[in-house]
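Each of the two complexes below includes subunit A, the first together with subunit B, the second together with subunit C.
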Partner chain A sequence: MNIFNLVSKNLLRRKGRFVFTLLGITIGMAAFVALLSLGSSMQRELRAQAGMLDANLVITPTNWCAFDQISILTGEALPESLHYDVMERISSIYGITAVPYLTQRTAIQNLPVMVTGIYPNEMKDFRRWEIAQGVYFAADNERAVVLGSSIANNFDLNLGDVLTIRGEPFPVIAVLSPTGSNDDTSVYLPLTVVQEIYEIGPYISFIVARVSDITNMDSYIAAIVDVVNVSVTSDEQLLSTVLTMLGSVNATLQLIAGVALISAAFGIANTMMAAIYERRREIGILRAIGGKSSAIFKIFLLESGLYGLLGGIIGVVVGFVASIVAAPIIAQSGISVLMKGATPTASFDVSIVITAILFSIVISVVSGLYPALKAAKLTPVEAISYD
Partner chain B sequence: MKKIPLFFVLFIMTVLIAGCSDDNANALAVRDIQSDPFAFTGELRVNGIITDFFEHDTRIFNLKDTAETLVCLSLVCDSFRLPVIYVGGGDIPQIADEVDVIGQWSDTEYGVIFEATSFEVRRNIMRIIERGPNR
Partner chain C sequence: MTNAIIKTENLEKIYGKSTIKTHALKGVDMEIPKGSFSCIIGPSGHGKSTLMHLLGGLDKPTSGSVFVDGMDISKLSDNKLSEIRTQKIGFVFQFFNLLQNLTASENIQTAMMFGKISPKAQKKKAAKLLELVNLSDKANAKPSELSGGQQQRVSIARALANDPDILLMDEPTGNLDSESEAEVLKHIFEIHKTGKTIVIVTHNQELARKSEFVFEIRDGKISDSPFKAIQLGS
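And now, the complex of A and B:
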């Protein structure tokens, strides 16, 4: 009988104990993989949203807190805090193309949706929108709405349907082609109309800008700050701030999964210790017929390593399934406070699979070290004389 | 031995059901309704943090957006607060409680405000606010 047959036979000798020990490491690994997978998908989602912002600079009021900054990437409604004058002064700087955003909320079929006030023509060019159905705004003060593609699909809205916003009816005149960004999830109206119906006055939420020479970013930022008192962030800085905050949330979640793994490791150590006491006589016989202590050590270490391998593989599968189930729930829960709007989706990542399985094996082998050493140190007389 | 797979299946199902059931998944955030509150009709479940009580009528309290409070770590910053009048019986929630209030818009002696007939306290976040930012 080779060593691998011996190891697998030993493991399956007490099937109940084998299943429960395996369950411990499997659940720990599943939690670890699910959190790792969701964390990386959240990061990817944010990077994608930042890319789709397709702007070099984001201009916000100086008093905005981190939540507001994050909301730009995640597509949440934001307070109207910048005076319209700011927009005009920034637009007058040579080399900068800027568009204002005024983000509010309303409800369709009792579900919250975003309403964005825009400069119709400038925004269409800036965002490179294409019209899937209908005719786009003909005037800057047209009292009608254009829908993002997801809004039209999710609420089954068609051209000519009427949306009531702040008690006023607005006909749907066009639907945008899908963009894959947050643009798909908003209802668009001309800026002046949103300012009027929401009784906001001459204010906007924030401005995004594109510069003609990205190697000169600092000088553009300096030029903006020179003419208006605002906070100017490059798209990369914004993303980096958000990812840093997300990183600390991820680290906390992984720590929780780590605790589950450590308790699973103690479970393996406990199982291996029990196995040694049960198999003392067998160890003694092996030693008596010439088995080396290194061979005994190897057998027990392989047994605990096998727990890690099996637990790792099953845990990866369960973890990915759990992340698929959990993704939509997390998108609506307190865990994703920082992620509101950016829906995490489960994602299969080979590096996570390899890391998780290796990590599982290492943890199991480490937890099996002490029991294996104990088994290897038993002398034949000690082992056989055990009753 | 045949009982183990059955136990295993039951265990996994219990974990999944416990993990998937989220009674509060459909709660609206304060931020969702602040711009156009009356666009939401019928019975609503609104989630938020209690910031203060009306001095002359402790049935009335203000709710602030949970996500905003947790990121900004302040109950008193200058942001929108949703006034709620609680007309159900029993205990009332406390300041810094994260609650789901269930009710609807109603014309009361204070004008049209959100009238909650029941509430569920999820947790109290005062300690989180007092601990301050960890970044």
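And now, the complex of A and C:
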């Protein structure tokens, strides 16, 4: 016999109670881990997208909110709201290379797809696109489409296929090589063509710009704001805004999981308190045969700690499975624009595993502290005289 | 008596704090010689169990002293008392002596765990002790699978786990039919022959008659008892 042996035998003696108490902490931990891993994979995704934006400045209308800015990272269609004029003026500033984006929605095989109106040549240079198949736009007003690689793959589209956009047929003339960025998930047409078929007039959604000297960022921003009334954000600022928002959403969700964990902790405390009353007599026997009060303390604390260890391990597994299953569902449901970035990439993260299991143990040990102390404080005679 | 292994001096025990106080022991002086076989008898509620708990360091007296092997244990810390219990004293109670979710062997081993005996040695010794009380075949039985007499024999084996000099038993056969009682007593007598000091709280007059020393507790005091003559005569 050792204490661990003794405790594991105690744990299983009331199987129903054991299971329910364990479920409490397991569910709490699973929710916690699922949210943590979803959150971290969303963060990773957004960082990756920001990196792939590969621009130094994002120029948007002054009235856009942070949600709109996130959409730039996650590749959502955005309203046309900058006058085309702005583009001209910014392009004329020395040291700035800018490209316009006009984003709209269409459908392929009844699924929503983003249509982006671009300056064909400037965009190809700016984004360093490679052509996988076909021949890229030859003219700035060609009535044809170029596909991002994921679009071609997912919808099984080939050169020569015809897409109908706003009732008008457009032949596929080229497919881009995969870029790993959101560029892969859009259909491209020349800017003027999009403006025409969507009846938009001389407007664009936003502008992405690269500067020749990134050490002088502030002066470029000043120069832009000087010539047009727009909001200029560096991609770093954009990312940090987005991450801050994501962080606060995550914190809220984790708070909810935290509440679940707290109630699980009380579940453990409750189970342990009940165990003391049931085992009063046993505590007395253990004391009579030589157990010190510190041994009783250890036995009870170890018992509640085991709930944490087991609940933590099972919770981590369930949480990861849930996050992997849930990620695409959340992304599809479109409940939150934030989630869109994270599509199917919930992944296993060792630091989350270790943190979660340790956290679970700490919670359960803390919740077992009071019961263990109470058990240890019982005098042998108090415990023995109990009937 | 100079060879007293247990000795008390003006032992008092008052239970309860404020209004409801029970004066359970009112000045008990007694000596129990090493290696003797003693009984504590007396009417119900008159302080037998209380006395036994104090003798074994399971509780502390309100005043007075208990000496075990010449050491005053009445002022020791809780930890120190636990150590004394492990090393010198084995307890057997009337009811529910065993940990219900452990087997007979594991119950005995648990006591050895507190005596800091290695798990390997624990198993060996538990088997030996079970043999001593004739229960080798029940080593892996849970208490619920044992008769009352068998449970008490396991309890006795457990009390011997750390090889104490003293066995304190509170009505160990109080709950048994006469056949089981005889079997349990037989083992207790055998154990006594190995040199252990035995103190039994009992209502069994016959057992009292057979023992070397009888202490009758009445109203918290040692009283003159009909067995005194035998005690003196032995």
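Keep in mind that, in the parts below, the second predicted complex is superposed on the first by the 378 of 387 C-alpha atoms of A that agree within 3 Å, B and C clash if a C-alpha of one lies under 4 Å from a C-alpha of the other, contacts with A are read in each partner's own complex, and residues count from 1 in each chain.
Here is the rule we go by: contacts are C-beta pairs under 8 Å (C-beta built on N, C-alpha and C of every residue); 3 or more make two chains touch, one makes a residue touch a chain.
All of these numbers come straight from a predicted model, not from anything done at the bench.
Trainee: Check the residue A:Lys292 against both partner chains and state whether it touches subunit B (first), subunit C (second), both, or neither.
Mentor: The second partner, subunit C, only.
Trainee: Taking the superposition on A as described, I'd like to know which of subunit B and subunit C A:Gly160 touches: first, second, both or neither.
Mentor: Once the two structures are laid over each other on A, A:Gly160 reaches no partner at all.
Trainee: After lining up the shared chain so the two structures overlap, which partner does A:Ala107 touch, if you call subunit B first and subunit C second: first, second, both or neither?
Mentor: Only subunit B is touched by A:Ala107; subunit C is not.
Trainee: Under the stated touch criterion, which partner chain does A:Pro169 make contact with: subunit B (first), subunit C (second), both, or neither?
Mentor: It touches nothing on subunit B or subunit C.
Trainee: Could you let me know whether more residues of subunit A are touched by subunit B or by subunit C?
Mentor: Here the partner covering more residues of subunit A is B.
Trainee: If I apply the document's touch criterion, which positions on subunit A are contacted by subunit B in one structure and by subunit C in the other?
Mentor: Subunit A residues touching both partners: none found.
Trainee: Okay, in this complex, where on subunit B does subunit A touch?
Mentor: 1, 4, 8, 11-12, 15-16, 19-20, 22, 25, 28-29, 31-36, 38-42, 44, 66-68, 70-72, 77, 79, 134-135
Trainee: State the interface residues of subunit A toward subunit C in the complex, per the touch definition above.
Mentor: Per the stated touch rule, the residues are 1-3, 6, 9-10, 13, 281-282, 285-295, 379-381, 384.
Trainee: What residues of subunit C sit close enough to touch subunit A in their complex?
Mentor: Per the touch definition, subunit C meets subunit A at residues 53, 56, 58-59, 78-79, 82-83, 85-87, 90-91, 93, 96-102, 106, 109-115, 119, 122, 158-159, 161-162.
Trainee: Which residues of subunit A touch subunit B in the complex?
Mentor: Those residues of subunit A that touch subunit B are 15-16, 19, 23, 27, 65-67, 70, 76-77, 79, 104-107, 110, 112, 115, 164-167, 198, 244-245, 248, 318, 322, 325-326, 329, 332-334, 337-338, 340.
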